[in-house]
Every structure is written in C-alpha cells, then in structure tokens.
Amino acid sequence: MSVLGWIYVGVAGVALLLSVVRMIKGPDVTNRTVALDVFTTVSVALFVFFAMVFDRYIYIDVALVYAILSFIGVLVVARFIERGL
Amino acid sequence: MLREILGYFFLYFGAAFLFLGSYGLVRFPDLYTRMQASTKSTTLGAFSSVIGVGILHPDWFIKCISVAIFILLTAPIGSSALMRAAYKTGVPLDERTVVDEAKDFFAEDEKEEAK
Amino acid sequence: MVGGAHPILLIAVPLFFVFLIVFFSSFFKGIVKYLPIIAFGINLIVIYQLIPEVLGKGMVISTTAGFKPPLAIDIVVDRLSLILAAIGSVLGFLVAIYNVSYIDEEPQERYYALFTLLVTGIIWMVVTGDIFNLFVAFEVTSIAAFGLVGFHRDQGAVEAGFKYLVMGSIGGGMLLVGIIMLYAATGTLNMVDLAQKSVHLTFGQKFLAYSMIFIGLGIEGALFPLNAWLPDAHPAAPSSVSAILSGIMTTAAIYALYRLTNLMFDYKQIYTILLFFGLLTLIFGEVSAYFQQDIKRMLAYSTIGQTGLFFFAFALDSANGFQGSIMQIINHSVSKALLFLVTGGMILRIGSRKIEDFAGLGRKMKFSSFFLAIGAFSLMGLPPFFGFWSKLKIIFAALQNPNFFMVASVVIILLMSVVEGAYFFKLLQNMYFGKPAENLQISEAPAGILISFTILGLILIFISVYPTPIINLTHQVANDLMSKSYINIALRLGGL
Amino acid sequence: MIRKVVYSIFLAIIVLSLVLFFAAFPFGKNKMTVGKYYIDHGVQQTGAANIVTSVVLDYRGFDTLGEVSVLFAAAAGVGVLLHMIGERRERKVKVPPNFVVRVGSRIVFPFILLFGVYIFVHGHLTPGGGFQGGSIIASGFLLLYLAYPNYKLKRGGLAAIEGLAGLTFVTLGLYGLLTPKVSFLYNFLPMGVFNTLVSAGILPIIYVAIGFKVASEFAGIIDDMICDVMCRGGEK
Amino acid sequence: MIYYIGSLLLIAVGLYAVLVKSNLIKIIIGLNFISSGVNLLIISVGYINNGTAPIFSRLGLNPNTMVDPIPQALTLTAIVIDASELALAVAFVVLLYRHYKTLDIKKIRSLKW
Amino acid sequence: MEKAGRLNRFIFTLIVMFASWLMLTVTLRKDELVVGFVVSFLVALVGSDYLSEHGLAHFSPKRIIYLILYIPYYLWQILLANFDVAYRVLSPSMPIKPGIVKVKTNLKTDSGKLSLANSITMTPGTITIDAKDDTLLVHWIYVKDASVEGATREIGAPFEKFLKEIFG
Amino acid sequence: MNASLELLLATPFIGGLLAFIGGKVHRWIRNLIAIIFSFATAFEIIGYYNVTIKGIVWGKLFGSDLILQTNPITWLFLFIVTSASFLIVLFSIDDMRKEEDELKLDAYYMYLLFVEGAMVGIVLAGDLITFFMFWEIMSWTSYFLIIHGGKRSMAAGYKYIIMSVIGAYAMFLAMAMLYAKAHSLVYTDVANVLLHSSPAFVIWTIVLLAIGFFVKAAVMPLHTWLPDAHSEAPSPVSPLLSGVLIKMGAYGLFVVLYGLISVKLAGSLMPSVFSTPLLLYIIQWLAALSIVLATFLAIMQEDAKRLLAYSSISQIGYVVLGIATGTSLGVAGGLFHALNHAIFKGLLFLVVGAVIYRTGTRNLSELGGLIKKMPFSFVALLLGIIALAGVPPLNGFVSKWMIYEALLQKKEVFLLIMAFVGSTGAFLYVYRLVHSIFLGQLPKKYENVKDVPILMQIPIWVLALLTIVLGIMPGLAMNVIVKGMAFFGFKPIAYNLFGFPQGTAMGALTTINISAGLAIAFVVAWILFILFPKSRKVSQYDNYAAGQVVTEDLKYNYSYGFYMSFSRVIKPILKWSIERVYNYWVEAAKIFGDYYMRRIYTGNLETYNAYIVIVITLAAAFVLLGGKIW
C-alpha cells in the first residue's frame, strides 16, 4: 500500500474513531445508532478502498452487503425505539 | 495520470468529508444537528470515495457506481427514520432551537395512538 | 466401495423426511405426523442391512462428495456406532409412533420436523467420522433439543429451555475451541487421521484440547457438574422428547467422548480423572433423584446417575469396563426411554407429574404400570433383567484389579444402587398400592402410546432373558476399543 | 465483588493456558495439510473458483447440510416458541412508519431481493453464498415489515419453498449414491468453464437451494419475532 | 499471535458476561462474544502471513500465498450455527419476558433443584 | 401520473431489475444474461407491487430527460450542503439556529414526495423528519424563515420544479 | 428320577406364569395351576433325596459357568422350601378368597410361586452368580408378596426391600472381590482361591456375605425389617417368610462357612475363642443376642403376628448359633432347628392366620375364649407352642438340645445361658398367645365363629403332625443332615431313629448340664413371674371402674398389657431401639443429601455456568502446573 493509501486509511480511521467516541458517549440509543450508522458508512468506504488495494473485486460485494445490512439495521432500530415494531 | 489524479481527488475529497461528518457528530450539541452533519457528510464522503475507487480501477467503475447509488439512495431514508424516532421518544432539542412545529404535526398521530 | 448398505442413508433419509414434513405442512398437514415413522422405519431397514456387514468386516465406511476420508467427511459405522445408531433408530421409530397419539398441541408440523431432526442429529453424532462434522451434528441435536424443550411454552419449559440453551451454547463453543486446537496442531479433521497425526503432541497439549472437547460433550452428556441443565430440561420437554433426550441424546454425547478419548486421548491420567467424573455424576444424580417429587424430574436425575455409572465403567479403561459400559448404555437407553414413554402416557391421563398422584395407577393402567415396573427393575439392576447383567459386568470390571479406591468406588456404586432402589420402589409401591384419588376415572393410555412402549418393553424383556447376543457383541466392541481397531480397519477400508 | 475477581482469575488462567497452547502453533505459519491439497487441487476437482466454496459445498458439503439443518432447527424452534394459540394473528402497529421509510423501503425492496439472489447465484465464484444471499433476501422482507404496519408473510408458501429447497439439497446428495462413485453429495454434473456462472457442477444448484431455504427460514424467523412482539392479542 | 490472544480474550469476556451479568440480553451478548471469539480463533488458525483469500477470481494467482480454506469454511458454518443459536435465544428471552415480566435472570427462578 | 396495471408494473420492474443485474455483474456473458433475466423475472414477480405504482410511465422521454438534468443539480446541491456543514462544523462559533419547520409540496405521487424528501435531506442544512399529505416536516439547522411559506420557498421549491416533471 | 435340576428350577417359575395367565380365564384354573405346580415342585425333589450332583452348567455369563448342584443339605432346604410352599398355596386358596381384586390375586400366586422358584434357585446354585441372581429375585418377588397385605404393609415392604437391597449389595461386593481373584464364582473355584488368600481378604468376604445373609435371616442388628414385614404381610405369606425365607440366610451362611471355607481354614486365619475362630464367635454372640432380645420384644407384643415375627428372630438365632458353633453336633442342631422352626413357626402362623380369617383381627387384646369355637386350631396351636418352647417330646426340643449340647462341649457358658433364657422367655410369649386367643372371655362379636375350612386345616394338620413325628423320630431328619454334612467334611454324629444313642461320651455329660441350665432358666422365669401381678378369677362384670358399673359392652380388657410390669423393666432398655438408630441415620443422611443437593442444583443459571468455568479452569491449571496432580 502506498503512502497515499495510508493517508486515506488514516483519515478514515480517525472518522471511525470519532464515531466510536459518540457511540460511547451516547447519551441515548438514538445517538449511538447515528454513530453506528456513521461507523458503517465509513467502513463501507474503507471496504471498497481495500478491495482496490488488495485487488479483490469481490470485496465490493461484501461492502454492498454491509451497506444493506446497516441500512436495514438503522431502520429496525429507529422503528423499534419509536415502538413501531 | 489524469485518471489517477482525478481518482485520488475523489478519494481524498471523500475522506475529508468522512472526517467532517464524524467530527460534526462529536461536536454538535444535539442529536438533530449531529445528524445534519453526519448524514450529509458521511454519505458524500463514502459516495465520493467509492467513485474514486471506480475511477482508479476502471474495470470496477460500474460496480462502484452501483454501490454509490445505493448509499445515496438509502442514507436519507435511514436518517429520516431515525430522526423521527428520536423526536417521538423525546430526545431533547438543543436550547438554541428557534421553532418546533413538530408538536403540531404529530398531535393528530398521538390522538390516534392514544386510542 | 460400499456394497449394499449406505450408512449415510441413516442421516440422509430422515433429513429428507424433515424437509418433506416442512413441504407438506403447508398444504397436506394431515400426513405430517406419519412421516417420522416412515423415516425411521427406513432407517431400521438400513440398520438391518448394515448389521451383517458391520459385524463381518468390523466397519462400513461411506464417503461423501466422492473423495476419500481425510479430504472429505466420511460416515463410519463400526460395531459401537452401530449399536448406538440402532438404539437411536429404534427409539426414533417407536417414539414416532408414540407421537401420533401423544402430540396434540400446535405447532405440530414443527414439532415433527424438530423431533425427526433431533433423532437424526443423534444418529449423525454417532456415525460421523469427522470431528468438525461431529460438532455440526452436535449442534443439530442441541438446537433441535432447545426448541423441543420449550415446546410447551409454559413458564417452566421456557426457563429450562433457556438454561439449556445458554449452557449448551457455551458447551458448543468450547467443543469448537477444542476441535480448532486439534486442527491447529494437525491440519486435519478426520478422526482417524487426527489420531495418527496427533501422536506428536505433548500430553499437556492434548489434555488441554481434550478438556475443551470434554466440556462441550460433557455438558450434553450430563456429566457432573456440567449437567445442571438436565434436571430442568428433561422434565420440561414433552415425554416423547424426554425419552429421546434421556434415552439416547446424552448417550450420543458420551459416545463421542468415548470415541475421541479412545482414539486420541488414551492416557492413564485422563482415564483416572474420568473415573472421578463418573463417580461424582453417579452420586449427585442418584441422591438428587431420591428427593424428587416430580416423576419426570426424578427420572431425569436418574439419567444423570446412570450416565455416571456407565461413564465410570468406561473410565476403567479395560475391556471388561468398556463392555460393562456399553451394556449399561443399552440398558439405560431402553429402560429409561421406556419409563419416560410410560410415564408420559400416565401424565397424559392424570394430568400431573407428582409422584403422589400416581397412587393407584397400577390398577387403572395395568399395561403401563407393568412396563413401568419392568423398566424400573432393569434400571435398578435387579435380576433377571438386563440391567442386572450390565451392573454385574461393571462391578466385576471395577474390581478386576482391586485396590482401595476401586473397592470404595464399588461401594459407592452399590450404595447408589440402594438409593436407586429406594426411589424406584417408592414409586412402584405408590403406583401399585397407593390409595388413588377420589373417584379416579381413567383409562389405559391411547393406542399409539401403548403400542410404542409395549414394543420397547418387549425388547427389554427379550434382551433380559436372552442377553447372550448383546453380551457377545459388546464383548467384541470392547475388544475393538482396546485394540483401537477403528483406526486399523478405517485405514484398510478407507485408504486414507 | 470477590466473585468477579475470582472469575477473572479463573478466566485469566484459562486464557493463559490456551495462549500457551497456541504459542506452539504460531500464528501466520503455514499449518496446512489437507487445506493445501484443497488449494492445489480444488479448482480442478470441484471447478469452483472460490476454494472456500469448494470446501463448503463439496469436500465438506456434508457439514453444510448440517448447517442447513441447524438453521432449520432454529427457525422451527423459534416458530415453536413464539407460536400463538389462536390462529388468526392480527398485526397491529401503534406507531405507523414515517412516510420516508414507508415509501423508501418499498422501493429498495426489489433491489435487495435482486442483490440477494445475485449473491447466492454467484456463491461459487465469490465469498458470498447461499447463507449470505438468503439472509439478504430475508432482510428485504424485514423492510416490508418496517414499511407496512399490517404486513404479514404468507407462511404456507414460505414453508413449501423451504421444504422444496431442502429436498433439492438432500436429493442432489442422494443422487450421488446412484453414480458410479457411490458417494453422497458427489458432484456428478460437468465442471463447466472455470470462473463462470455455469461451472462447478452441482455447487451452484446447492447454493441456490440453500439461498431459497435460508431466505425463507430467516423470513420466517423475522415473521415470528415481529408478530410475537407486536401481536399482543394472542398471549397464552 | 495477537489474534489468538484477542480471540481468546473475546471468549473470556463472553464467559465473564455469562457468569456475572444478570440481564438476559447481556447473557446473550456474552454468548455472542464467545462465538465471535471462537470464529476469530478459527480464522487465525488458518491464516498465513501475507496470505490472501483462497479464491481464484482470475487465473494465475499464487496458490502458495493463499490462506487455509478449511478454517474459512468452518467459520462460515460456525457463524450460521451461532446465528441460529442467537435467534433461538432471542425467542426464549421474548417468552421469558412474557412469563416473568423481567429480564433479570435472578428473578427467573421457578425451577429449583 | 396514473396508476399502472399489473403487467405494466411487472415489465417495468423486470426492466429495472435486469438493468440492475447488469450493473452488478458488469458483464455481457450469455450465461449471466440468461440467469439475470430469470432472476429479474422472479424478483419482478415478487417485487413489482412495491417498486412503483406507475410502472412504465416512468420511462417517458420527458421524465428521463428531466431526471438526467436533475442528477447534476442534485449532486451540486449535495456538494453545497456539505460545504455548508463543513463551515458550521469547523467554524469555532458554531453558527447554528436549529428548528423544525413545515414545508408544503405540490407533488402528488409517493415517489415524487420521497424524492423531494430525500433531496431535502441531502441538501444544505435540512433533514426531512416525516411527511403527511402535502406537508413535510423538516429539521433545519439554520432557520431563515420559520413560516410555512418561507420554509417552502427556501427548502422545497428549488427541487420541486424538477421533481414535478419527473414524477408529476 | 431323571428330571434335570433345570426342570426343578423352572417348574415354579413356569407355574407362576401359567397361574397368572390362567387367572385371566378363571380363578379356579389359576388356583388349580398353583396347587399343581407347587405340588409338582415338591414332588420332583423326591428324586433327589440323598443324591449328590456336582454341577450342571445351565448357562454362561461373561465366560464363566452358571452351575446348579445338589446334595443332601440342599435337599433338606429344598424340602423345607417346596413342601412349605405347597402347604401355603393350599392355605391361600381359601384364605385369600376374601381379596376381591382378581388381578391382585393372580399376581399373588405368581409371586408366591416365583418366590418358591427363587428359593429353589438359591438352594440349587452351584456358583455365586446364580446364587445372587436368585437371591435378588427372591428379594423383589417376596417384596411384592409382602405389600399385598394392604396399606400398612407398604411401609413394611419398603423397609424390607431397602434392607434386602443393602444386604444383597454387601454380598455383591464380596462376590465381585472374589470374582476379581478367582475369575470364576463356582463354589469350588472360590473355595480354592480362598484357601490361598490373605486373612484380611477372607474375613472381608465372610463379613460382607454375612451381612447379606443376616439381613435376610434377620439376625440382630439387621432384623428391623422383619417384625413389620412379617406381621403386615398377608396371613399365608407370613409363614413363608418366617418359616422358609429367612432360612435362606442360614443356608447361605452355612454354604459360605462350610462350603467356601472350612472351619480349619478359618481357624488358621484368625485367633480363636473357646476353640472357635473369632469371626464365628462374634456370629455366635450376634445370634445369642438375637435370641434374647427378640424374646423380650416378643413378650411385649399386642399383635399376634408381630409376636410370632419377633419369635422368628429369636428362633433363627438358634439356627445361626448352631451353625456358627462349627462342630458337627452344633451345625447339625442348627440345620435341624431350621427345619423344625419352619414346621412349628409355619404352624403357628397358619393357626393365627386361621384366627384372623375368622375374627378379622390379630390384636391379642381383642381376642379371647375361642377355645370352644375353634378347638382344632387350639390344639394345633398348643402343639406349635410346645415345639417352639423346646419342650419334649416335640421337635423343637431335639434341635435345641443338640445346640445346647454343642455349646456345652465348647464350654461356652454365657451363650448357653442366653440360649436358655431365650427358651424360657418363649414360654412366656407363647403362653400369652394361648391365653389371649383361646382362653379367657369370649367377646360377644365372636360368638358365631367356627373353625376354618378344610383346605386351610390340611396344612395346619400336616405341620402339627410333623412336629410330633420329628420330635419322636429325629433320626428321619438326621439321616439327611448327617449325610449332607459329610459332604461338607463334617465328622458323622451317632444317631438312631429315636434320638441319640445313650452311652456316647457326651450323653452323660449333657443330662447334668441340661438340668443345671434348666434350673437357671426356671430361676429367671420365677423372677419374672414375681414381677407381674397374679391373676385372679373374676367374673366379667365384677369390676369397679372409676365409680362406674361395668356393663357388658364395656369389657374390662384383661388381655391388654399382659406382661405390663415386665415391660416396665424392659422398656427403658429398649428405648435404645436399633431401629431408631437406623432411622436417625437415614434421616440424617436425607437431610444432609437434601441440603447439599439443593446447594449444587440451585436452579441458578449463573451458578451452573460457574461450574463449567471452574471445570475448564481446573483443566487449565492442571496443564499449567505441568499436568501432574499426584
């Protein structure tokens, strides 16, 4: 992985870290869910990036799966906390 | 060469907004404003990153576009759901909030729910 | 490679029927309850075909995916697994008949599917030749059992099911850790291959891996102190399921322990430790059983005690011990299943599981009571029932090289037999001569129940009065275990 | 408190001993025996580009049959546990979904379905497979529950699909016994062109079966769970 | 090595949760920690340094750098099994809650000895 | 746009799905196409009720042209939105004046309203919370005009002119 | 006769099954089958009179042979078992008729014949496995017989079966240890091995086996099941238990002491007391204690069957005492007394059974004056108690005399005195029986009572006759006993048909000593007699009861507390009831078990999980410490 690649990973890593901070701080489920959403979105981006770095096309599918699951996950949580499930 | 520059531009542009989104997530005072930051910025960040990868790896371009579209399509749905859930469960608005028409908006719902 | 009989059918056929049940459940629900009978009926035919071959060659191997064993999973039926697979199929078949009269609660199609799956998983555990496949079979069995334990959905069933699930899951996890440790050390998962490649491991390494496997199988196999889920779970389940759980499921886990211990962990120290587990299991099971007011709970604790007994016999690490252990397994499987089936019918009629409510049933349900007495006698090891022969063998085996510890163990075993007598006679006495509740109007159990436990009872009587074939067979099995012929024959037949 | 400390010490002992065990088989070092054979011969023998798939479906296909059974058992178990007395269950949601969710989920649903199928159809070529694809499809159905306050799956059809898929798997396996190899789950179909959709013999068929099976099972689980949480009417 | 330690610690944390937590949900999470730890352990066992996934997505990939496919396959199986257990556990918790109106395991004690 | 018949919707879904399949597989190999068609067909069988009520009407040239025009505009708005966020996040004084306002819309179709809602969410300082009939509830990070008319003008109007053509 | 031993063994079992099945057809078919088969068994043994068959292999188990054998001693016990069983079947036909539940009756006859078969098996056994197998079968089949007696018999049966099981397992343990050494349990092999075993091993073997036999034989302190079981059992079963079943313990003891080890061997292994090996001496003392204590207890009973049950403990004491002397005469006396006891105790139980059959009670204080109503029974009872008390010329005298004689020869005075005291005490309790049942006032409700049906009388008369025949002609029995004992290596005793020829060296000695002994006994009896108030002849209504005129319906119950003053002396001692000690320990064990089991199986998931973790931790620690625990 090139320096350029490392920079990207570094910045995205900081983003991940910040979302974890919010996840820990909360202070409630919604805040944590938002943080989780951010976390997964950043992860999806990282997945795709790693697919490129490792030259594994198939990781993109993994990223897509991840995106789908996180999307549905957020919806489930949202509906759950507003007592819609 | 141009392709690579363009690709890395998108990539870093994305990275920057990924960072901004999560920074806003930490910095903003209430959930609603945090979501303002996170929804837009992270989505754009991821979108841009994925497109960047597509540009750097032209064989994958279409695939990357698929992923990007999916992100763009679904992110606002999630945010919207989450924000309403937050409001309904009484997550507080920041004190700087100037107007809240939601009470009025949800009043009818609550009447129905009370039944 | 295989002539007439395909051991894999023992698993594939019931699985086929599981999915057939699901398929039919949506539009032809009436047929669903009969499918398990057909499935295990076919299994019995397969077993029947396998018997001459297994007894002749010592083993039948069935490959999967067209590859030879270390590359692909193989199904291995030797004499020992044949015995257990046969018990599983017989019990599966009889309990399937039992179900027809017994199960009237919804959701029936799921019950039948899970039941079939449970028995299949048990047979699967017994015949697989691959250690990870063993784990999978273990999980098939446990997960089917979790659901079945909770089948009644009442407070007790749910609590019991949850406890079982938590402990079973921990056990599954530990079992998998142990398997992975072995894999990390050898790079293979086939049991025979493992046995050969693991020789270079140190005792400590093997022991640690063994411990993890032991935890997993010990939880399922009801060894003290890992068995605490059992007295809750077995009574909570429908009696048909209890019969399977007590009759063969714990035994299947113990079988797996036997197999692995014998193949890979054949150390004196390990056997010595196992002796203690056997004894403790025996003591805690039998003593606890004595105090129970709930008949199914009593039988469940008794299962623990019996498990302790045959596990102890196995841990003697001698041909006689192995033989006694396997004989006792046979005795326990048949007798305990019989007891659960009979009491299930009785509970169905009187609507209570309290032993005191069984008063006077001896007259109202003559057949049931008769077979209950037979089962209890065999479990107690009273002559001329089969349990006597097996207990005799175990005691003789234990005192083969008498030392203080062995004599003490035998004294404990005999004391526990007294305790066993104490609670079983209490039950029998109450049942036959207790004063029944005011105008107790009940009839004999329904046909399906009656047929199934009568057949099982007749089997028990038959092996009691004519134990010679089983004694000979178990003798051979013990020799197989002593000489580790599993490896040799598998190498010869499977061409590893 | 003492309890917690003691447990921690116990767990430390356990972890320590296991670490020492694994230290003897160092991380990252090649420990393969059978695995090496798969890598070297898997493509040629099974025709699957993804060696993991060739292991999962071919060499250790029997495990996968077990895995399918386990998942089935769990689904049936959930069905047993959450079964309601009284057949007609009316799903009543107190808070209807928000407009965006309602419409958005609906629109996303077919795409997710498509993607799920895509995953398991390409299972023998990619890391995906029947389980992944199936769960994605099931999550698509979850979206419908989110979108419609009174959505209810048709369980009968689901069970038929589930049963058929399982039967397909077992029947394919049993057919192997009729081939000259006389082996369960023998891959009797031609290998096809490497790394294309139609390759690896029966593996893609199995994956499709698993995909349908898993989808219907997970969907069933979701249905049971959601209806149990929401249909408070039918309590025992 | 760190993966080994990490996965073993995950297992330990799971066991700890199962031992001391009284909330049913936390117990289930503990179980999940155990399974995740085990799965990570399996993967770690099969990993080889600088290894790649054993997928011949195009011809000419070096088979010698590929990680052991067996643990990967085992993990896939194990994950599904874990998911199954999780589903059942959740169903049990739902029912337990319905019967006892609590998620505290210490209050769920109708079955005594 | 009026509601379309079953077949109409089915064909529409089939086409969209097949197109998506192409995007996923990124190949024109015959086997992939055949399988893709079968899969799309199956998905369309299940999913045509959900994707859109209007079916092939979406494919009218005018709508497509507007859609194509809309995309860059939308992306541009997203970009603006993000610079807006960046400004508010990074600015030490944190210039926010949040509020929840109502926005009226003339759009009639669900998909139209959804597009509007999503567009609002993705663009400067606003997130749609909910929608009912012709009213959208929007969280605004810097409320310029709290009245319904003002908010509609500020937030909804720029998109509506496109969306009216695409979904109207 | 050429009938094989297997057939002899199988006959009662087949009969039992057929009776059960026949009962489904008609109760008379069942009764007929029971009679025929029990008679057939008794008839078959004629062929084995004075026959010795070394061993017939009837089966194989785990590579060792299962053997049947017979010899004159065997024959003696076979005779006791089969003839008693036949008589009891006869007696049952009418006695059990009042039972309305036909199924219960079917089962009754089945179990009766099974018990007989099991005892035949025990006696015929030529190896310990066979012995033990039939021993266990005897235990549970007789258990089912006992609990036929109704509600109260359940507790008794329970106690019986539990103690039996304990005893059996003690035997089992000894057997298993022998098997470990000998790899065979055939008597001859076992005897060979014991010959070369360490003293400790032999002693353990004997002790463990003896525990098993003593439980069955109800030798103190293992007797506590007997009074309840024998008294609560149905009338025909009581004589089977008391007369026959407990003899199996004596038989077992005999086989072990003289079949598996010889007195010489025993003497070489341990110190001797009064030229008796210590172990045997201890057994003698236990037997003697049984004689005395059980006698005292019998005296205090209010219940006729209970009284007889305690008497059985006392009488089996003589049998064991005799067998344990180790001398030809003593052992012969013991064996002879076993036979005699079977006869007179069977007789007594049957008579009491007959009384119960007519009156419906066995409470002595409720009975009385039946002498006119049931004269035959009275005479039979009289014969029985004379025999029991060891008074010449009935059979009890001869065997007791032999035992006294043997003790005298060994100069064991204490034991002799205790044996005398037992005999004297026996006078007291048997007199009580006669008095309370047949003498005194006849309660009004029994005015219509008459003697029992003929089918019930036949067994009674057969037994009564035997008491006389064997009393006058002991040589009939001695013929078998002496021949049999020779088989076990005993020196022959001189005897003739009418007794023991005068002029032998011991003859002269005995007379004096017996007289002395009897004198001592009479002194004891006299002291006891002083202690209880003299009876006065009073009219039934000539009473003064708290100022009330006693009316006819308020009968002054003279029978109650017959030996009241005696009881007052003895009761404090008996507070130390062995049973209470047992109960105490059983309760303690129960509480202990309950307490600890509850703490193990708490029902708490977290505890259970902790067990799992603890086991893993132990394993891990074991490995970390180098895999060594010892």
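As written, the chain order gives the labels A, B, C, D, E, F and G, with residue 1 at the start of each chain.
Keep in mind that, in the parts below, contacts are C-beta pairs under 8 Å (C-beta built on N, C-alpha and C of every residue); 3 or more make two chains touch, one makes a residue touch a chain.
Every value quoted in this text rests on a predicted model; they were computed, and no experiment measured them.
Path length between subunit A and subunit B in the chain contact graph, taken as the least number of steps between touching chains: 1. The minimum number of touch steps separating subunit C from subunit F is 2. Listed by label, the chains touching subunit C and subunit D alike are E, G. If each chain is reduced to the centroid of its CA atoms, subunit B and subunit G end up 94 Å from each other.
Taking each chain's centre as the mean of its C-alpha atoms, subunit B lies 56 Å from subunit C.
Taking each chain's centre as the mean of its C-alpha atoms, subunit D lies 33 Å from subunit F. With centres set at the average Cα position, the gap from subunit B to subunit F is 14 Å.
Residue numbers of subunit D whose C-beta contacts span two or more other chains: 7, 11, 14, 17-18, 22, 25, 31-32, 34-35, 38, 60, 63, 66-67, 70, 73-74, 77-78, 81, 94-98, 100-101, 104-105, 108, 111, 115, 122, 125-127, 229. In subunit E, the residues touching two or more other chains are 11, 15, 18-20, 27, 45, 53, 55, 57, 68, 70-71, 74, 77, 81, 84-85, 88, 92, 95, 109, 111, 113. Residue positions 20, 24, 117-118, 128-130, 132 of subunit F are each in touch with at least two other chains. Listed by chain label, the pairs that touch are A-B, A-D, A-E, B-D, B-F, C-D, C-E, C-G, D-E, D-F, D-G, E-G. Of all residues in subunit G, only 60-62, 101, 103, 129, 132-134, 136-137, 139-140, 143, 147, 150-151, 153-154, 157-158, 161-162, 165-166, 169-170, 172-173, 176-177, 179-181, 590, 593-594, 597, 600-601, 603, 605, 607-609, 611-612, 614-616, 619-620, 622-623, 626-627, 629 touch subunit C in the complex they form.
Contact residues of subunit E toward subunit C in the complex are 11, 14-15, 18, 24, 27, 31, 34-35, 37-38, 41-42, 45, 68, 70-71, 74, 77-78, 81, 84-85, 88-89, 92-93, 95-96, 99-100, 108-111, 113.
Note for the complex: subunit E touches subunit D at residues 1-5, 8-9, 11-12, 15-16, 19-20, 44-49, 51, 53-59, 63, 66, 68-74, 76-77, 79-81, 83-85, 87-88, 90-92, 94-95, 98.
Of all residues in subunit C, only 132, 136, 139, 143, 146-147, 150, 153-156, 158-163, 165-166, 169-170, 172-173, 176-177, 180, 183-184, 187, 189, 231-232, 236, 288, 291 touch subunit E in the complex they form. If you check the complex, the residues on subunit B that touch subunit A are 8, 11-12, 14-16, 18-19, 21-23, 25-26, 31, 34-35, 38, 42-43, 45-46, 49-50, 53, 56-57, 59-60, 63-64, 66-67, 70-71, 74-75, 77-79, 81-82, 84-86, 88-89, 91.
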